[in-house]
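Presented sequentially are two complexes of chain A, the first with chain B as partner and the second with chain C.
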Partner chain A sequence: MPFTKNPQVFTAKVTETVIGTGDTAVRLGGESVFPLYAFDAEFKNPPILGIDFSDKGPDRHIPGIAAFYEGAESLADIAKRASAAEGASFVSFSLKSADPNGDDESIEESVAKCREVAGAVTRPLVIQGSGNAEKDAQLLGKVAEALEGQNVLLMSALEDNYKGIAVGAVLAYGQKIAAESAVDINLAKQLNVMISQQGVKNDSMAMHVGVAAAGYGFEYVASAMERIRGAALSQNDDMLQTPIVTPLANEVWGVKETIVSEEDFPEWGPVEERGIQMEVATAMACLASGSNAVILKHPESVKTVSTVVSELM
Partner chain B sequence: MDKFIVIGERIHVISPEIKEAIGTRNPAAIIARGKVQLEAGADYLDVNIGPAERDGVEIMKWIVPELQRALDNAPLVLDTVNQDAIRAGLEAYNPAKGRAVVNSADAGERISNLDLAAEFGAISIGLLMKKGVPASNDERNEYLQTILEHAMEAGMDPAEDVWFDPLTLVIKGMQEKQEEFLEFIRVLKEMGLKSTCGLSNASNGMPKHVRPVVDSVLCAMSIECGLTSAIMNPTDKALMDTVKTSEIVLNRTLYADSFLDI
Partner chain C sequence: MALKGLDIFKLTPRTNCKECGNPTCMAFAMKVAQGTVQIEQCPHMSPEALAALAGAAAPPMKTVGFGAGDAAFTLGGETVLFRHDKTFVSKNPFAVSICADCADDVLAEAAKIDYERISERMIVDAVNVVYTGDKDGFLGAVKKAAGFGRAIILEVADADAAKAALELVVGAKPILNGANPANYKEFSEIALGAGVPLGVTGASLDEIADTVKALEDLGAKDIVIDVGSASVKEAFANAVQIRRAAIKDGNRSLGYPTIVNVGKLAGGDARKETALAALFTLKYGSIVVMSGMSYAQALPLYGLRQNIYTDPQKPMTVEQGVYAINGATADSPSALTVDFALTYFIVSGEIERSGVPINLLIPDAGGYSVLTAWAAGKLSASSIARFVKEHDIESKIASRDLMMPGKVAVLKGELEESLPGWNIIVAPNEAVSLVKFLKERYA
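Right after this comes the complex of A and B.
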C-alpha cells in the first residue's frame, strides 16, 4: 500500500517572543506543529540554544570549559567569549552570588555585573536570578531597570513573586519574563493566567515548565511538555501558547554521572565526556518534548545539539 | 473535540431597546450589546431582526457592517424568517473571524435557506421541525433525513456546514419531552453532526430566580450528551461558568485554578 502523508498542522500556534535587539535578536516559538516535526510543516523559528555562565565565572574545573574561556578573566571578556560560542544564539548569565543562602551579594553588586555583561555581549541576553523567590522579586526588577532597552529575558517569575516581576520588569521596562513552574501543567497554566491578568501579553512571556536530567524522572518533564504543547496547539489554549525555555545545565552537571571521577568509576570513562553526553541527551529530549530553547553550559554540547537541530530542520 | 460555541442571544428585536435602535438606525445600543456579550465570552452574536417583512433587506445591509466594523469582524448568526434579508446580510458579511451562520433552515418551507447558505459558503442551522415543534424523536429523525439530503444536494458537508437544532421544549408543560431531547443530541453526536439549540426556551415561564439554575443544568447535561453550541445569554455568569466547567470535566480545556476567569 502506498504511504499517504498526513501532516499534523494546527490552526493554533505558539506565540512568538523576541529577545534582544537589532540584527542579533532571536525569535522563540511561532510554530503550529509538534516539536521537531519539521516533516509536517516548516518551522518559522527552529529551536535555539543559549550558553550559560555564572557571575562566579565559568566552571573552569571542566577542562573543555576552561579551554574555551582561556584568557577571559573579566565578566565582560567572558561574555564576549560566550557570545562567540558556535551554535549559541543567546547568552545566559546566572546571578548565583545573589543567593541569600549563599554569598548574598547585594542587589547593587549584581546589577553592576549585569551591566558589565550586557555591555559586552554581542548576542541577546537571558538573566537567571538567584533562585530565591523573595530576593529575585527585587533583584530582577532592578536588573530590568538597569538593562532597559536591551530586551532581555528574565528567569524566572514564580507563583510567589510573579506580581512584582511582571509589573516591574515587563510593564515598566519592557523586558521579557519566563514563568517558572515545577513540572505541573495546571500550575504552568495558572501562572500564565495570573501574569496575563497583570496586563502582560503573551509575546512578552516565555515559560520554564521544569526540567530533570535524563534518567532522573525526565518522563514527567516530557509528559508535562507534551501535554502543554498539545493543549496549546490542538485545543488552542492561549494560556499555554508561550514558548518554552529550558535551562538544564545546572540539573545535568549536578548528577552522579557528570560528577564522579574516572578513578572511582573507571568503567564509566572520562567525566567530562559523560557530562557532555548527559547534557546533549537531556537537551535533545527537551527539544523533542516541546522546548523552544535550551540553555547549556559546555561549548561542545552547544555545538553538537545545534548541529543536530539544523540537520533536523 | 472542538470547543463549545456560545452564541449570544441578546441582539433581539423583542428587546425594546434593540427595536428602537433598529427603527431609528442608531447602531450604538446594538454595538454595546454585542460588545458586552463578546467580553463575556460569546463566540458568535445572533442578530435577530424579527420577521422584518417590509425592510429586512435594508436592516441587514445596515446592521451587519455596522456590527462587524465596530467589533473586529465578530462572527454573526443572521436570524430572520425573511430570506431576502438573510441574502442581504450574507452579501454584506465579512468572514475574516468566522463563517456566517444562517438562522435557519427547517424541513419545511424554509429548507431553501440551505441553498442560500451553500451559495455563500456559510453555515446553516437546521431546525428539526416542519410545521410546529417535533412531537417525538421519530419526527426529529424524519426531519433530520430531509435536511441531510437537501444539504448534500446543495453541495454542503453536513458534518461541518449544518448545525442541527433538535428544538428545546419548554419544561413547564412539556416535562416528559426533555429526556427525548437529550437522547436526540446523543444521536446527532454519534452521527458526527454538530448541534445547537435555543437553550433558554426550556425555562420559559419559570420564576426569574429559578431560570439560571435550570438553564445551567440543562446546558451541562446537553454538553455531556454532545451538544456543540447553543444560543444563550453569555452575560448569565452561572451559565457561562457551567459551560467552562463542563469543558474542564470533559477534559477539553486544561484545568487551572483561575479557569472561570479566563
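Right after this comes the complex of A and C.
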C-alpha cells in the first residue's frame, strides 16, 4: 500500500516584510507551511541569515572572526566585508556603545556610525539598538530619520518604548521594526496588537520573540515559536503572522560553554570551535521552531547554517 | 486515536450495575476515556468489546526497547507532535559510527565525553557499527563496540555478516539496521530469531510503508525506520511525515521510531552534522547517528536535547546546596538565587564570567523563577533563614556578605532580622548586570 501524503498546507500565511532596496532586498516570511516543511509545499521565501558586528568592531579576539575582517578597520570597511560573507543575506549592526549603562555614547555619534555603515553595505541592513528601552526610544527614531529610504529593520520595539519607535521610525520614515517580547505567545501578540493600533501594518513588522542558547531554557523558545506559528497558520491569527527574526549571537557567545578557556577546561577543546558549534546548533533549532531569519556573528556558522537551509529547500 | 467516552459507553453492558464502583456505565465510560480508570474494572465487558477497545486505545507510535543493562533505551512511544501539547517521552540517543578502520579513533574521542548536566550524565549513548563489505573487519569493529559498553546498532544489509555479528553481541540487544525491500524476509527471520529490533529502510516512503507492513505480517513487532540518506531534504521530509502520519493521521504502519544518520547526510562536515543533529533532535529523530562526537558538538546538542525533553509542566531544578564558583572559599561572599535550573544556569554563568569567587546558595524554591517563587511563598526571609540553618552555612562560610536577587529587594528588611550578623546586599534585578556589579564591588 503506497504511503498517502497528507501535507499540511494552510490557507493562512506568514506575512511578508521586505528589508533593503533594489536587487539585494530580501523578503521575510510568506510561507503557508510549518517551519522548514518545504516538502509540504513550496516554502515561499526560504529562511535567511544575517551577520552581526557591533560599533566596537568585530570580536577580533576570536581568531576566525579576526581573520575574516582582517585589514578592515573603519566601520565602512567592516560593513563591506560583512556584506560579502558567504551565506549572509543581510548585515546587522549593533549599537553597543550607546548603552547608557556602558559607554553611553551620544545619539549623534551612534547615528553617524549608522550612516557610515549604511553607506557601505551592499546588503540590507538591520540596526540593533542599545538594549536600553529608554535610550532606544530616541535613538532608533533618529537612526530611522538618518537612514530614510534604505528600508532598514530596527531592533527592537519593546512594550516600554514601542510608541515612539512605531511612530518615529515606521510611520515617519518608512523603516521596518521588530517587536521584541520575552518568550511567550501572549506577550508577543499583545505587543503586535499595540503596535498595529499605532497604525503600523504587518508588512512593516517582524517579531523577535526571545531566544536562549541551546541548553539554556531553549524549550521555552521552541514552544513559544511553535505556538506562535501554529496560531498564525492554523488559526489565521493575523496578530501573530509577522515573520520572526532572531538575533542569537549575544546569547550563544555568552554562556559557559563558549566562554571558559581551554586552559580551565582542556578536554573541551578550543573556545572558538565551541562557539561555532553552539551558534550552529542554536540557529538550526530556532529555524526548526519558526524563525524566518537568524542573526549570527561567526562567518563560519553563517556559512554552515545557510548551506543546510538551502539543502532543506 | 483515543476513543471518546460515548464510543466506550456503547461497548459497555449499559446495566448500571455499579460493580465497577461508578454510579452509571456512562460515568465509567467517561473515566475510561480520560484514562483515570482501566476498562478491565468492568467485569461484564464482552471479549469482542475488549478487543475493539484495545485496538483503538493502542498508542499511535510503538515503543521499542534496545540495548541492555546500563545502556538500555526506550525509543518512540510519543503521543504528540509539539512538546507544548504534552511531554516528549523518549530522549533520542546520540550514536557515533565506527567501521573496521576508524573504530579506535572514533571510540577514543567518544570516550572523552562524560559529564553531568542538571543531574543527567551525558555520554555517547550508542555505537553504530557499519559493514563496508569486509566481514572480518566488521566483526572486529563489533567486538570493539561491545567492549565500549554502550548500546549497539549494527548497520549491515548482508545476512551472513549480520548473523555472525549478532552471535557476538546478541546479549546487548542491538538494533539490526539492515532490512530493505530486497532482503526483508531473511532479515525478519534473523532479527526475530535473535530477539532484537529490526531497522528498515527503502528508497521512498512508499517502499518503507510497504516493507514495514510486510515485516508486521511476518511477525515483527520491534521495528525502527531508517529515514535514509539520499538527501537532507528527503531525510527531513521522511522523519516529519513518518511522525505526523502516525500521530496526526493515525497511520499505524508508520507508527515506529526512526533512525537518522546525520553523519552520512553531512558528508564529513562536523559543523553541518551538528546543525542536522539539532534539527532532528527537535523534529522527530528517535536516534541520531553521527560520524563522531567532539566535546564542542556534545555541549550544545546534549543541552538542547535536555531542554526539548523537559516536561513542560514541571520545570527542571538544581539540587539545593552551596555551589562554590570561581574557586570560592569560606572567606568569599555569598549570593542567593532560586533552584529553577534556568535561573541557576544564567546566574552561575554570569558569576563565572565576572571571575569573582562567590558561594552561590540555592535553597528549595519549588523550581520557580525568583518572582514566581516569591509570589508563591516558596522564597521568603524565613525559608532563606531555614536554609542557612539547615545547611549549617554560618559555620561553613566565614564571610557575612549575602547578595539577594534585586527582584525581591522587598525581603531585605525581614532577612536582616532573620539572619542577624549578615550584611544583606541587594544585587541587580537582571543577571546580565551581575558581572559589572560583582567586579565593582569585589574585584
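Criterion: the second predicted complex is superposed on the first by the 312 of 313 C-alpha atoms of A that agree within 3 Å, B and C clash if a C-alpha of one lies under 4 Å from a C-alpha of the other, contacts with A are read in each partner's own complex, and residues count from 1 in each chain.
Note that a contact is a pair of C-beta atoms (placed from the backbone, for glycine too) under 8 Å apart; a residue touches a chain by one contact, two chains touch by 3 or more.
Just so you know, these numbers come straight off a predicted model, no measurement behind them.
Engineer: Quick check on the superposed pair: does A:194 touch chain B, chain C, both, or neither? Answer first, second, both or neither.
Structural biologist: first
Engineer: For A:273, is the partner it touches chain B (first), chain C (second), both, or none of the two (neither)?
Structural biologist: A:273 contacts chain C only, not chain B.
Engineer: Looking at the overlay, does A:308 come into contact with chain B only (first), chain C only (second), both, or neither?
Structural biologist: In the superposition, A:308 contacts chain C only.
Engineer: Touch test for A:227: chain B only (first), chain C only (second), both, or neither?
Structural biologist: Touch partners of A:227: chain B and chain C.
Engineer: Is A:217 touching anything from chain B or chain C once the two structures are fitted on A? First, second, both or neither.
Structural biologist: The second partner, chain C, only.
Engineer: I'd like to know which partner A:236 touches here: chain B for first, chain C for second, both or neither.
Structural biologist: first
Engineer: Do chain B and chain C touch any of the same residues on chain A, and if so, which?
Structural biologist: 227
Engineer: Provide the residue numbers of chain C that touch chain A in the complex, in ascending order.
Structural biologist: Residue positions touching the partner: 82-84, 112, 117, 204-206, 208-210, 213, 231-233, 236-237, 240-241, 244-245, 248-249, 251, 253-254, 269, 271-272, 274-279, 281-283, 294-297, 299-304, 306-308, 310, 312, 341-342, 345-346, 348-349, 352-353, 433, 436.
Engineer: Any idea which chain A residues touch chain B in the complex?
Structural biologist: Its residues touching chain B are 185-187, 189-190, 192-194, 197, 227-228, 231, 235-237, 239-240.
Engineer: In the complex of these two chains, what residues of chain A are touching chain C?
Structural biologist: 1-6, 8, 36-39, 101, 212-220, 222-223, 226-227, 230, 254-257, 259-260, 267-270, 273-274, 276-278, 280-285, 287-289, 300-301, 304-305, 307-308, 311-313
Engineer: For a test of understanding, state which residues of chain B touch chain A in their complex under the given definition.
Structural biologist: By the definition above, chain B touches chain A via 3, 252-258, 261-262.
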